[in-house]
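All chains are identified by letter, namely A, B, C and D, in their written order; residue positions are counted from 1 within each chain.
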């Protein structure tokens, strides 16, 4: 019997703060943390064999259904952040990821966050991922 | 006895969806809803006598400490959205606003959201708004 | 003989500066002027009967082939800008617009700009707009 | 006599296209190329000993006075771009950089661009960089 390949349930991603991400408070605008979570998430998915451009090509759309962020310590131009993501839950229809945004060493916590996602087809209708994209389903099952 | 001027606890704001706010899913990128909440919030604050540029000039910084959004129905280029904000809570140190993003008639719910805020001085240190900005405190009290 | 309906060769558009458009210099980030030109341009096109969402639905894509901006005086949160656009040239394949970004009264010149555009079909191939979209061609001719 | 340290007149920078940079045409929105030039430019400056956060701390502001971009071939989510920048001219008051945006191998030209910059003090007044920031002046001289 073949062993099921296990995919890592966490992923770390590095982002260099860009000047255009700052605002007049001289810190990164809070909306960009939501974008950083996306950067980390899509890098994570690509790493476990689910590059999002290929998923879209195959007609599987994975929109954000919820996003939240708790801001703990501001980030500034000249800094680099580490975003660590963890697969929290997958129920066959939706999945949820949590995020920690820290300095590169992990000693300063800048923010924590969470996003939720579902699966749609090209017509933006919900799909049963197990049926319509079994290979994707298998990856999500292998987190468990 | 003077009547205390009451400020409205809700505010409605209109935003025309911009093409640059869309993404490759052909809908508005989810991070922009966080920006729309800011647009509505700062318009609201300006309307009740707390224009944010003047607050910053006086050394009162009001950062976002939390933000969340539940996405219900996508928005597209060519649409207009109405963002309705409500003051949920003010405890002297922090305040929280909730948001509803709908079509202009209010018949399609696109998203709901919530943001939390605190008060800082120019050195990004928390301040007691009652002491350091009594006029601002009074406005926040008058929601009740 | 029917008079050809003339469309205005200029358009004025108002934009309220958003806080999220500022950067750590405490002024609007220069990339946003490019976005403001788009806001003005698409509002202009909608006003002359060429709403861009409808054009895309009909398979006519109008990408930006060039963009430039000369920055004269910074803009800040709390300000409103007027963007005036003028149809500079249309040669059947491409068109060019110029822009002036000023304060609402037109007394402070914040920036000038120019964008160039072509016409593509859904496969991102150049099209002869006269043949493939005669109604659009007619509008562009009527500027003259 | 000490040899004057020469700084490289060109710089190459890699950017991974982000999903939030795309628009409803399913390609990267044109305004983001202006931001990519900034990414490349500030990375370049940091590499030759002029990290922009430190320059700002010392009171030297380097705004964009002009920006232009010619778009040649669209970029999409899933792609990586190489931005190559070259110091075109420095006249003591202003400097100009040109940019080439290509695929990583340099075989597909996505865009070319150019930005101009001046030097301001904290009050946003033009400064003579030779007098007010001789170390910065020396770096800019050493391109020649």
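Going forward, a residue touches a chain if its C-beta (ideal position, glycine included) is under 8 Å from a C-beta of that chain, and two chains touch if they have at least 3 such contacts.
Keep in mind that this is a model prediction, so the values were computed, not measured.
Across the two interfaces under comparison, A-B and A-C, the one joined by more C-beta contacts turns out to be A-B.
Greatest Cα centroid separation from chain B: this falls to D.
Separating the CA-averaged centres of chain A and chain C is a span of 35 Å.
Centroids of chain A and chain D (each the mean of its C-alpha atoms) stand 30 Å apart.
Averaged C-alpha coordinates put the centre of chain A at 26 Å from the centre of chain B.
Residue numbers of chain C whose C-beta contacts span two or more other chains: 19-20, 24, 27, 31, 35, 38, 76-77. Within the complex formed with chain D, the residues of chain A that make contact are 18-20, 35, 38-39, 42, 51-54, 76-78.
The touching residues of chain A, when paired with chain B in their complex, are 24-25, 27, 30-32, 34-35, 38, 56, 61, 63-71, 74, 124. The residues of chain D lying in touch with chain B in their complex are 19-20, 22-24, 26-27, 29, 31, 76-77.
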